[in-house]
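Both complexes below contain chain A, partnered by chain B and then by chain C.
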Partner chain A sequence: MVTLDALMRLPGAMAAFEFRGSGELLEHQIAYPDRLNDSTLDLLAHMCAANMSIATMQARGWEQITAMKGFYPVRAFTLVGFDWSVVVSGLHREQYKQDGKYSLPPFMGVVMSNENADYEAAFAALENQEPIS
Partner chain B sequence: MSMIKRLLALDGVNVVCHFRDDGNLVEGYGLMSRDEMTDLARFAHDYRRMAQGNADQLAMFTGMRGWTPPRGWILRGVTQSVCGVGNLVCLVDSIDAPLNDILLELREVSRW
Partner chain C sequence: MSIVTDLLARPGVIAAGEYAYRGDRFSYRGVLTEEHARMASIICRATTMSVNMEGGMLEALRPRNGLHPARGWVVYGPSHTVCVMANVFCMIDNAKGSINDIVRFMRGTLTHASTHLI
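The block that comes next holds the complex of A and B.
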């Protein structure tokens, strides 16, 4: 699983964080505390959890009405804001679920400045797959 | 030729739709029926409004500038992803699609 240190090395990274499915902020690192503080990151994590939940409902519904596959489960959500972007992933949680594990790892995310953001690199880092022990 | 059609030239882009502010489909191209494009446009319209509302509240509660107005969003599924910018939405392959280029092109075309 990717580390917060590795996420902080992404181009334009301002913060890297972990959060529960309920949105509570866990471990995190912030590069510029004067721009982005703990309480803002906590609310951002809650917003990401909400978006992931609703997107999951929509993916489920979409697959039912269209018979198209490949949307569910939603692996990641990205909001491209006006100046900042956030990318979060729950891929590792899905792997644990598929392996029948009850204790799931947290979601992981990274905040980036749009000016330097590399979304493909962010997804590649967040989806770095390792065998589950 | 419609401007949005050029998005289909990018690797991994399977469908592109343009919708009105009320969510009704204006035009769509790619590997999907007209009815499904109508549904995709409505979904994208609703998701955009929701993401925008959440970003507005984040900005209001934290006082942090730079989140609103949002420029776009991506939902990444197992093999299919959905990207939205403005009143445009694309269905793309999750694996190997050049998302950075797709977002740039969506932003460019959404200005027309």
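The block that comes next holds the complex of A and C.
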């Protein structure tokens, strides 16, 4: 499973975090506590949980209505802000679900500065998960 | 050329469009039908409004954070990605396009787009 340390090595990484599907912030690392603190990251985690749920609903509905494929399940949601972006992935949880597991691992996310952000590297890092035992 | 035309000329972009924040207009090009483009515009507008609300809430909690104002969002799927900046959306075939390039192009082109959502 990708570690917070590995996510913090992404270009422009400012914070890396884990959160439950209900949005509660779990383990996290913050590179610049003067710019991003625990309470901000906690609210952001709740927003990311909501965004993943809504995007999943939209992708599901879109595929069923249009018959276009390749949008569901959502692998990652990215919010692009003015100077920062936050990328969260739910792919690892999807793999657990497909294996019939009921206890799902947390979501993982990373906050990056837009100037240095490499979204494809973030997707790849977040999806670098160990096989389900 | 419009940004929609520019987007469609980029590798991997299969459809692109624009929508009015007030919800009464949209335009599109690419592989979508009129009805599907209308639905895509509604979905994109709703999510854009939502992420802007989130950016505002974060700003209220901690002023001058880098997520406010929100500029857009990206949903990365198994083989297709939806990328939205301001009131412009595009759909990308992951195998043929670069999400980094598209996000960079849209952010750069829409740098001066209004953040007032009107």
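Convention: the second predicted complex is superposed on the first by the 132 of 133 C-alpha atoms of A that agree within 3 Å, B and C clash if a C-alpha of one lies under 4 Å from a C-alpha of the other, contacts with A are read in each partner's own complex, and residues count from 1 in each chain.
By definition in this document, a contact is a pair of C-beta atoms (placed from the backbone, for glycine too) under 8 Å apart; a residue touches a chain by one contact, two chains touch by 3 or more.
For clarity, every value in this text was computed on a predicted model and none was experimentally measured.
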Exercise for the section: Have a look at chain B and chain C on chain A after the superposition and call it: clash or fit. Expected result: clash
Practice task
Kindly classify A:39 by the partners it touches after superposition: chain B alone (first), chain C alone (second), both, or neither?
Solution key: both
Practice task
Kindly classify A:83 by the partners it touches after superposition: chain B alone (first), chain C alone (second), both, or neither?
Solution key: both
Completion exercise
Dual-contact residues of chain A (chain B, chain C) 35-36, 39-40, 43-44, 47, 51, 54-55, 58-59, 62, 65-66, 68-84, 114, 118-120, 123
Fill in the blank from the handout: Listed in rising order, the residues of chain A that touch chain C in the complex are 14, 35-37, 39-40, 43-44, 47, 51, 54-55, 58-59, 62, 65-66, 68-84, 86, 113-114, 118-120, 123
Exercise for the section: Using the touch definition up top, name the residues of chain A that touch chain B in the complex. Expected result: 35-36, 39-40, 43-44, 47, 50-51, 54-55, 58-59, 62, 65-66, 68-84, 89, 114, 118-120, 123
Problem - Residue ranges of chain C touching chain A (in the complex, touch as defined) - result: 36, 39-40, 43, 47, 50-51, 54-55, 57-58, 61-62, 65-80, 82, 85, 94, 98-100, 103, 107
Practice task
Spell out the part of chain B that touches chain A in their complex, as residue ranges.
Solution key: 36, 39, 43, 47, 50-51, 54-55, 57-58, 61-62, 64-80, 82, 85, 94, 98-100, 103
